[in-house]
Amino acid sequence: MQVKDFKWEKGMTVRSMVDKFQNLGYQSIELSKASEIFVKMRKDGAKIFLTFTSNMVTSGLRGFFAQIIKYGMADVIVTTVGGIEEDIMKAKGEKFKVGRFDADDVELHEKGINRVGNLLVDVESYMNFEDCIRVILDQLYKKKKRWAVSEMLKEIGLMLDDKNSILYQAAKNDVPIFCPAITDGSFGFHLYLFQQKHKDFIIDVVQDFGNILFSTSYDDKKGVIALGGSISKHHAILCTLLHGGASYAVYMTTAHQSSGSVSGATTREAKSWGKVKYESDIATVIGDVTITFPLAMIKAFEELAEEGLLKNES
Amino acid sequence: MQVKDFKWEKGMTVRSMVDKFQNLGYQSIELSKASEIFVKMRKDGAKIFLTFTSNMVTSGLRGFFAQIIKYGMADVIVTTVGGIEEDIMKAKGEKFKVGRFDADDVELHEKGINRVGNLLVDVESYMNFEDCIRVILDQLYKKKKRWAVSEMLKEIGLMLDDKNSILYQAAKNDVPIFCPAITDGSFGFHLYLFQQKHKDFIIDVVQDFGNILFSTSYDDKKGVIALGGSISKHHAILCTLLHGGASYAVYMTTAHQSSGSVSGATTREAKSWGKVKYESDIATVIGDVTITFPLAMIKAFEELAEEGLLKNES
Amino acid sequence: MQVKDFKWEKGMTVRSMVDKFQNLGYQSIELSKASEIFVKMRKDGAKIFLTFTSNMVTSGLRGFFAQIIKYGMADVIVTTVGGIEEDIMKAKGEKFKVGRFDADDVELHEKGINRVGNLLVDVESYMNFEDCIRVILDQLYKKKKRWAVSEMLKEIGLMLDDKNSILYQAAKNDVPIFCPAITDGSFGFHLYLFQQKHKDFIIDVVQDFGNILFSTSYDDKKGVIALGGSISKHHAILCTLLHGGASYAVYMTTAHQSSGSVSGATTREAKSWGKVKYESDIATVIGDVTITFPLAMIKAFEELAEEGLLKNES
Amino acid sequence: MQVKDFKWEKGMTVRSMVDKFQNLGYQSIELSKASEIFVKMRKDGAKIFLTFTSNMVTSGLRGFFAQIIKYGMADVIVTTVGGIEEDIMKAKGEKFKVGRFDADDVELHEKGINRVGNLLVDVESYMNFEDCIRVILDQLYKKKKRWAVSEMLKEIGLMLDDKNSILYQAAKNDVPIFCPAITDGSFGFHLYLFQQKHKDFIIDVVQDFGNILFSTSYDDKKGVIALGGSISKHHAILCTLLHGGASYAVYMTTAHQSSGSVSGATTREAKSWGKVKYESDIATVIGDVTITFPLAMIKAFEELAEEGLLKNES
């Protein structure tokens, strides 16, 4: 493969741009590989584990994740609880705002605004979430006392009515959502308050380990799309590993491997799992996921749509 | 404060070096601030939340964390399950090795070796851990059926006999260890297998939210030392926030704020919590924690020891 | 401005995607600002300083830079000598290849291949460059003995015949190319060998400081587009500063400000120049330039073309 | 080599700490390797190229660099012109201050203060530098009309009287200082103004390429210590490469290899030079140089001093 001079053509599509990326350089090349692997894992019928961190749900990627689930590009979701809270908040009509990285944090605090990078969330949105979560927990408790996390999240998804919601689309399309640290957020606080009144209310995280394990089998081909790091990435890798490893792996992150963290661990490690045999089936893309992921996935969408391989697309 | 020419003097101590760092530049200045804040939070009687990720337990920092707990520099620990597994493995005599970042991962896999950055863990160590964890779960189950995570970890700590063990020192010194994603590792798999045989065995993560919340009170001054990012950092911030915010905060990480992740969120945000009033009480240090943390903490140890403020030190 | 759910639409163009980026999050928002500033600086008639490092010329961005010059989006270029060498090599027909970041460097060395990240350059290409540069220096020397660097580069540009060449397009369109470290490469070695034979051959870097200074005036509005860091970025900032500062500034880089380097310095500093008054006129985008720059510039191209503001476009 | 639990001992020295780093993890291991290579290159009589960027001279490392030159740990220096300007400013008594990364840049501008990360330089210091540089250029011009950069810098070093000055110690100890982009700073502006009055005043950068080339021979063993990236690092690598490659190489930087820049290029590339044969002779340390470099070099100083191998040390 040769490096080619990149040139703009009027009306250039995302597909055409990412196509040119394979001859461009550095991370654009890795991004074009990622896009090809997305297509390969789908065509090969692999069970796709999609993981993301909650800051991505704070951003507008939330609607894109819902679209991905609808189109059948994710069979299992792993995420952190902040993303689940915010997906519900948005489904209930809360609006997040665009701010600045160098905002005056003292001033924001006085105005009742929380900052997440250059995005802003009103404290009021969290208060509205609290009202809403209490009602939800009451309804869940009436159904049964002991819930595996993914069962609970599916039930909540069915209560929502928003096509851009991750929980809604996952529930509709039978895609389980796993959240190994369900208490690490406002949700956890409300689970605690609820349990104080109902000592027999149990969130069973151990049962959910079985659920994610049996969401695929040893014989399934498995693919991992890990956006960002944290336990969402680790949990998906762990579970595919216990079933013989993933055949396809794409990591998109801003972290580097130099500190030994799982966030920065590369797909080269995937070779040590003993399952990924071909260089062409793994890619690590360094960069902000709000830019790199839509580029790579849209190219894959265009190709798969052309061949009629996107579910629910018409 | 002026910049001063840094000069080596023969036999230079860590204390003297970090002292000079306040006049040196960039992250060395931030590191010297972090060290001062460690001393301040201790002298002010703040409840100190220490958080770290499991890759730091893979490294030799594990013994340093145990020492910190023993000396009373941590009142609450928050970490991820990998670190707990490896602390137990090391307490049982498993040895980890130093390797290379650019190791041949296929070759390592064939030899049964897992790579964590430039450190190596034999697969055999994990198998030995499995034998050991089964016995531990049997013993726990005999005591009671429903365990909050931190209660379980204390019980395990009491079963160990290793002064360099985090769980051992925490148990001996009544420092609770919280792990909001207890199933995200080999431990989770074994909890699952055990629960298959004992359906009434329950890991109660919700109860533990109450435990971390009441590990301090609204009236306590609180300090956060967050090493690396992930849910350990987030969980400590969340819990101090629910009690009116932290008075002191030091973040040490390799992540940057540009992607909006909690791993890269800075202490400037701490001002938006509404509790940290003085610039001198917060610091963010960018760099590998295996270098920056020992430097900053040892300088604090030396000063606190001089004033007789280190517990169990003699 | 609100965060909006990002959604793919079939056949999505780059323009439409970057348009949606303003409501997406983190670096995608900063990227959409950068794109708007590109349009603003052009419409406002600002003199645009475009700076890039040589690794970007190794990549396929070389053709894109040539296109940018042709379309009148750059009035002054500042770069490093490696980029100039490789632009000439490519104009002479040398082909660079796509490789891998984790290539076996010993094996590459034995095959006579140099690695630049995941791109590969044959040693033979450098040898062909040497043959070519000797002829060029002979021709220059016949014309005169003392050359300012930018004069020399213009003369070389006129000798080339490749529409994708930066030097060619710059020469044709009267855009000066400044290279403050002209000896830092193979080119420098050949200048030295030539000067050994012709002691009166002088490369006058001091004269070129005047040339870049008078490439604009105090009264001109000035814009800086700095891709990557290094002296190219610093030189452009320095020269606009000596003329009262830039009115517009976009920095695209992978470096962070934490180490105090000019590579990671942010546009917030631009405010300290005393010229940039409005937040809307500066942007810093963190990420690989092979991805972020084409996205932002193509969106600007589409808008400017629509209004007939691209030179030589038809 | 095994991972060992890191433990503090009262009065711990830097030497003892870095010694323990070899069993600690991640970048601390790489740092301890770097320290060993510093000792090896000295004992092996290698010609040592030390490169640094100007932000490091802004910091207090300036005095440490002077000390390194005095002790014979650097045979050739390569740097950028900002560092040279600031070395002279400090030698003339200017004081730089410690500030904050999140300073109010508009306020600083109004006060006549320039910010470099968390360090501050008064505009007045630059004005004093200008007065001083005019006198220096007059004196140089009286001696001769055509100066290679390194000859000029040696002459300036001889005019200074400050043991903490890089230029002073280099001049006294016959260590040449190369600066391939001498015009990229305030110095360049004054060279230009001076040349306007004296057209026959010539700064000969081409001649200096020969000077750095012949500062070592093909037969010399060569070592490179590259702090930060930029052309200083590139120039040293280029020149050792033209003489058969370096036998030892330590890179300390905050940049990563993912964007293909020379700043982030690793020492693994050094193997492709064909000279570095042993893994033990190269190291890349990721982190802020104000922390990592003093640690690694002080450990080497202590060992070399013990064996009487530090020049001028008594």
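Descriptive notes on the structure:
Which chain is which? They are A, B, C and D, in the order written, and residues in each are numbered from 1.
Heads up, the rule we're going with is that a contact is a pair of C-beta atoms (placed from the backbone, for glycine too) under 8 Å apart; a residue touches a chain by one contact, two chains touch by 3 or more.
Please read all numbers here as calculations on a predicted model, not as lab measurements.
Touching chain B and chain C at once are the following chains: A, D.
Ranking all chains by how far their C-alpha centres lie from the centre of chain C, first place goes to B.
Taking A-C and A-D together, the chain pair joined by more C-beta contacts is A-C.
Computed centre separation for the pair chain A/chain C is 36 angstrom, with centres defined by C-alpha atoms. Separating the centre of chain C from that of chain D, both taken as means of CA atoms, is a distance of 27 Å. One inter-chain figure worth recording: chain A and chain D are separated by 44 Å, centre to centre, where each centre is the mean of the chain's CA atoms. Annotation for chain B: residues touching 2 or more other chains are 25-27, 55, 58-59, 102, 117-119, 256, 258-260, 268, 286, 288.
If you draw each protein chain as a dot and join the dots that touch, every dot ends up joined to every other dot. Chain B makes touch with chain C in their complex at residues 25-27, 102, 256, 258-260, 286.
In the complex of the two chains, the chain A residues touching chain B come out as 53-55, 58-59, 80, 82, 101, 105-106, 108-109, 114-119, 180-185, 188-189, 191-192, 195-196, 201-210, 213, 228-231, 234-235, 238, 242, 254-265, 268-269, 271-274, 288-289. Across the interface of their complex, chain C is touched by residues 1-8, 10-15, 17, 20-31, 55-56, 58-64, 66-67, 90, 95-98, 100, 102, 117-119, 164, 268, 279, 286-288, 290-292, 294-295, 297-298, 301-302, 305 of chain A.
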